[in-house]
Amino acid sequence: MAEIAIELTGIDKRFGDVHANRNVSLTIYQGSIHGIIGENGAGKSTLMSILYGYYQADSGHIQVRQQPVHIRNSHDAIRLGIGMVHQHFMLVDNFSVLENIVLGAEGGFTLKSGLDAARIHLKQLNQDYGLEVDPDAIVGQLGVGLQQRVEILKALYRGAEVLILDEPTAVLTPQEADHLFRILRALRDQGKTVVIITHKLREVIDVTDRVTVMRAGEVVGNVMTADVDKEDLADLMVGRKVNLQVEKSTRTPGEVLLDVRHVSLKDKRGVELLKDINLQVRAGEIVGIAGVSGNGQSELLEVLAGMLPASEGEMLFKGEDLFRLKGHRPKPSILREKGVAHIPEDRSREGLVKTFSVFENSILGYHHDRDIQKGWLYNRTALIEKAKRFIQQFDIRPTNPLLRAGQLSGGNQQKVVLAREIDSNPDVLLVGQPTRGVDIGAIELIHKQLVKLRDEGKAILLVSVELDEILALSDRILVMAGGRITGEVPAHEATATGLGCLMGGVQS
Amino acid sequence: MDLLFSILESTLRAATPLMLASLAGLFSERSGVVDISLEGKILAAAFASASVAYISHSPWMGMAAGMGVAVALAMVHAFVSVTYNGNQLISGMAINIIASGLTPVLGLAWFQQGGNSPQLESDMRFHEIAWPGVDAVRDIPFIGPFYSHLISGHSIIVYLTFIIIPVVTWFIYRSRFGLRVRAVGENPHAADTAGISVARIRYTALFWGGLLCGMAGTFLSVYQTGGFIREMSAGKGFLALAALIFGKWRPVPAVIGCLLFAFFDAIQIRLEGVSLPMVGEVPSQLIQVIPYVLTVLLMAGFVGRATAPKAIGVPFVKSR
Amino acid sequence: MKFGQPSTLPRWAQLSVLPLLNLLAALAITGLVVWLIGEDPWECLKLLVGGAFGYGEGIGYTLFYTTGYIFTGLSVAAAFHAGLFNIGGEGQVYIAGLGVSLACYAFDSFMPAVFMVPLTIMASMLFGAAWAFMPGYLQAKRGSHIVVTTIMFNYIAAALMGYLFNRVLMEKGGTNTATRAFAEASWMPSMQQMGGWLGLTLPNTPLNASLFIALICCVLFWLVVWHSKWGFELRTVGTNEQAARFAGMNVSKVVIVAMCFAGALAGLAAVNEILGSTHRMNMTFTNGIGFVGIAVALMGRNHPVGIVLSALLFGALTQGGLDLSLDKPNITREMIIFIQGLIILFCGALENLFEPFIAPLFKRKP
Amino acid sequence: SAKNFTPAVVYDQAGKFDKSFNEMAYKGAERFKKETKMNYREGQIANEAQKEQVLRNLARKDADVIVAVGFSFTQAVETVAKEFPKVKFTLIDSVAKGDNVQNIVFKEQEGSFLVGIAAAEASKSKKVGFIGGMDFPLIRAFGCGYAQGAKYDNKAVEVFQNMTGTTPQAFNDPARGTELAKSQFDRGADVVFAAAGGTGIGVYQAAKDAKKFAIGVDSNQNYVQPGTMLTSMVKRVDNAVYGAFKSAQDGSWKAGVTVLGLKEGGVDWALDSFNRKLISPAVEKKIKDARNEIIAGKIQVVDYRANNSCPVQ
């Protein structure tokens, strides 16, 4: 029996009236990969943030290598050899990778010495764990995958023995994820301890040695991974039977609702992000766009949703409403009127105003709607009602419509956005990463909703880095690489590996 | 020719307090703390330095006092904005108002001169420093006026300022402290999880800011005017802030901003009352808006969107 | 002892106990200073409060100042909700004064009050808005930082008005830098008059109908900002521009409109000052009212109720302070300014300074 | 008298200690107090609306005579004087209607004329400067008289005029005063006359540092920087206040307009031990003669305020 790296006993934490952790006890063993799963808002991140000294527990004890310790802040945690990769990365966007890594561990009074030392050390780490990152790149310009590696490097550079990752794969492609797991295994084999929070059972089964399941702030299960399978975990987690398969009838799609022609996009530096994109989405079909993140899917969605002006091309709704995209962008408000809804990839920055209450967020973009107005004012009761409806339809937790959206866990934030956009009963739905950072319970619900809409004859364009999701939902799958569509596969013929090749840019 | 140089000379003089103040602002705002209290700190420092210089017969004691008081106010601001997570704008306002109220009250109580300090005699003041050989070179074209107007004949504080500018720039961009200040101002959560005490960094930053404001105030009362007059900061703190934003929170551009303000001002002073060909005498008010109008035009024309440090003005609270 | 945490007190306590303690703290420090310069703090306090609320005329003046501060306070708050820090109130009031005067020059000779009053109000709002428009436009279209431009526009306004006074507005031969007196028709009905209509006899003070306009503005402000789609757009743009774009809002339009809105509100202060009180425009009539507005708005948390309260506080200090300084020559104007500063610091910036000390008293059993 | 006599004085926005005419008024009141051992009330205002309020307040506290210092009190005095017909009002620097109102205005231009001559005489470069505070006609009147004097002494003399600013701050910006002075010196001026309240302090300091001459204003400021202060254009606001108090006390107070020029000793130039050495007998004679001619009406000094313009630049 390996010796104990971390022992948490009776951890309890409240945020105002939200009880995030209730008397949580947990043991993590040296040299193992320990998974923590649970629904959104179960308290996983909070618990780990406490271990990392980012929050203080209201009560409870922490032991590191059998020594009782007081972790007052991240500094203490770092000294105890604990490192954490937060889910929303803790990086300074306009700093270089190197600067981000040395930050807080600069060594000397002047930067130069510290940076040079770090550069060398970094090379070493890069070799050991195959984390290739350009030390001089500006972090803000890196993809999420790379940013995450920077976070890991930060931890290792500080000599972390215990590495905590909060939903590391939430923003990664399968390839990136696999790479990450290789890194984690390498770390374990070097005797380091890894704690990983995730919503993806496949990953849990793949990489972890032990799993702790949380629900509503409490630990409801503690098992050896070897002894369980997906379904067991899912049920443990949600506390009811969940169906991991999405069953959907085959339907023959109707007329073309969304017709995109010759869309191209150059950025300021003249780099082509989109090259002559042509695609059609018919009534009653879900068209999935698969691709390694950063290959233009996000931009495509932004252009179609009127957030980015394209440099070429046009799009057609229901055959009649034509939008010339060249040089300018269709007003999102107009698009909504025409019945085009948009679920943005970056919910926390675009889809929500975190300081606004949930009920205010549930009219964002539809704030002109007649049914919520009374004269020139809002009909407050109607607003609240609407929000309440969303909350119970999508079982958003906590259920108080007056809470600030920022107080919800991201998973629940996502549900608010979804509820809002679906509720407008659009004909065309532009969907980006609908289940990023969302728990299975919610995923099941969200997937059901999307299929329902499709069956009602909506046209849905789905962008996701989750291959499983694409495979599960789509009727047709387009693959994007390097800003152009590199292939189209009917869903029933598609396989993860096949798509993987296309995504890598390999024509089949 | 000579005119040009004398314009540049007065530019340097007028710019000095502005440059010091906007570098002060730089420290604080780069660390994520809005500082509209520059004005108040300058005023308070001007008063303290003049009073102490008068009592101690030593300008240096004066400067020390000025710095002390400015730092004290900076620490109040730090307590409110950092320890307290209070509203930084309000805190700044309060400090300005307190300074403009308290200085005359104390002045009246101590010197019975209507809230002003007594005029400082020459041994209590800083003086222009004439460099060797000024008179020798004076008549050489270009070199002469350049040397005598720009290089020689300024107060020690002016020279100090021009040492401070590169030092501060280095600090911000090349030192550990600078890196942390910038990090704390951009994303305090990142800094915090990297094991840095956001609070300590912000306090330190405001401390340095205080020192610089102290110098600015001392320059006004102990060197330039030779005494304290009520409200003598006369909006310089806000101009400095404007320059800082104008320079997009970067040291050198901010300094350039200050020099521009001062330069426009110097020109404006020279233009006034001079009757131009055709136009005749231009009304003084028209001339006096030149600096402000030019600033607006510059902002609109060249400077473009100024993006503040991301975390500026938001207290660092670990809660959603 | 942990400072700066969101308050855990029951709401009523947050809104009553804490502000009270802060006010006391501010007064305590002032008392100390007063005592140091050899006056009796208690007596001074009585004079101060008595001067502000003790007798009809005092109350009248207090409310008169309050009116002006409400306008400039709302102005700052309006911009604030759109994420703009409008330091330009001073200039906007000044230019609005010009608008009022021009309207009077043009029409007061023949136009009856029924038209004159609304007309001048329009003029003030129009000119105020116009002066705020430019900075707003530059911010929206060119990204010129509003703080800088509004500061500059204050100076520009001062110069412009200085010129106009010297060359145009001033009565020839006179020494007084003021416009001519405006005809009765343009005057805001004074509280005294209006009291008269109701058969009340009120003291003669500059307090006038503008007060009601101010209060109406507060209600409208509240409705617009928190209960209308414009307010929704305003606040969204102010807190998360990207989300605003996502929601299909025209960000620059919102910014510009917000500034005009702000300018118009500031402009109304000119009506109160000129048509309510002096009935002619003096060169120094704005006298920092725009800057007080900033403090009022910040202290009032940019909410109309808060703004009314803090405006009242500042009004009381202005009026009570005068009475105090008349009876106690040692207590100068500057002392009053100092007190204002302390109050802003304690009630505005350190609003729950005492929270940690009294929180235990309110702990509800878990 | 049954109730003892209480006079009062009210200072304008610039405040009691503005290093200028408000301070003079204060001196006058103090002198009265010292001589008669009688106390006086005083009022300081912070904004427009308070003007009427303070006057009313003092009138109600039955002050017998109220002296309002500064033209900005004009209509406030008019209004309040109507309300209190028994109270005597004295307005300085402007003219207000009312039969219980006494108006005292000065011929600043005449005094400035004399110091203008002094300046022209003292100037080697034949360039002299004037620095005003906030730009309004009263201040312009100083500059205009000064220019006339200088030109009268010597056609060739060049006069630079600068105004400090367009906001009331212009009276409290010594740093800017310093800059303005230095700029005028750079342009060749070697004598500078400041009518700018607190800003003047900066001007005199600059003159001292540059070893040039400066001319004081309102009060006799020769003592401020001995050796630098060439002379001062005194405007006896103190006498006006003192006079108003005194006359009101002995009953000789009269309503109406009093214009105080050289003849009436309302304005003058200052010659005392501090600047004795700087004024040669010849110069002294020149100035004295001009003085007499003005008093005799042989020299007409134009008042800028008459139609907001000055005959000379």
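Here the chain labels run A, B, C and D in written order, and each chain numbers its own residues starting at 1.
Note that contacts are C-beta pairs under 8 Å (C-beta built on N, C-alpha and C of every residue); 3 or more make two chains touch, one makes a residue touch a chain.
Worth saying up front: this structure is predicted, and the values here are computed from it rather than measured.
Asker: Could you tell me which pair, B-C or A-B, is linked by more C-beta pairs in contact?
Answerer: Of A-B and B-C, more C-beta pairs in contact link B-C.
Asker: Roughly how many whole angstrom separate the Cα centroids of chain A and chain B?
Answerer: About 46 Å, centre to centre.
Asker: So the centre of each chain is just the mean of its C-alpha atoms; given that, what is the distance between chain B and chain C in Å?
Answerer: Comparing mean C-alpha positions, chain C is 29 Å from chain B.
Asker: Chain C to chain D: how many Å between their CA centres?
Answerer: Spacing between the chain centres: roughly 35 Å.
Asker: Pull out every residue in chain A that's touching 2 or more other chains.
Answerer: Correct list: 354.
Asker: So which stretches of chain B touch two or more other chains?
Answerer: Expected reply: 108, 115, 230, 285, 288, 319.
Asker: Out of chain D, which residues touch more than one other chain, so two or more?
Answerer: Residues 15, 135, 166 of chain D touch two or more partner chains.
Asker: Mind listing each pair of touching chains for me?
Answerer: Chains touch in the following pairs: A-B, A-C, B-C, B-D, C-D.
Asker: Which stretch or stretches of chain C touch chain D in the complex?
Answerer: Counting only chain C, the residues touching chain D are 57, 61, 64-65, 155, 158-159, 161-163, 165-167, 170, 172-178, 181, 204, 206, 273, 277-278, 280, 282-285, 287, 318, 321-323, 325-326, 329, 332-333, 336.
Asker: Touching chain C in the complex: which residues of chain A?
Answerer: 16, 305-307, 331-336, 342, 344, 349-356, 360, 363-365, 367-368, 373, 376-378, 380
Asker: Mind pulling up the chain C residues that touch chain B in the complex?
Answerer: 3-6, 33, 36-37, 85, 87, 138, 142-145, 147-149, 151-153, 155-156, 159-160, 162-163, 166-167, 294-295, 298-299, 332, 334-342, 344-345, 348-351, 353
Asker: Can you tell me which positions in chain D touch chain C when the two form their complex?
Answerer: Answer in residue numbers: 13, 15, 41-50, 52-54, 57-58, 71-72, 74-75, 83, 93-95, 105, 134-138, 166-168, 305-308.
Asker: Which bits of chain B are touching chain D when the two form their complex?
Answerer: Residue positions touching the partner: 2-3, 6, 9-10, 13-14, 17, 108, 113-116, 119, 127-128, 220, 224-227, 229-232, 234-236, 265-266, 269-270, 272-273, 275, 281, 284-285, 288.
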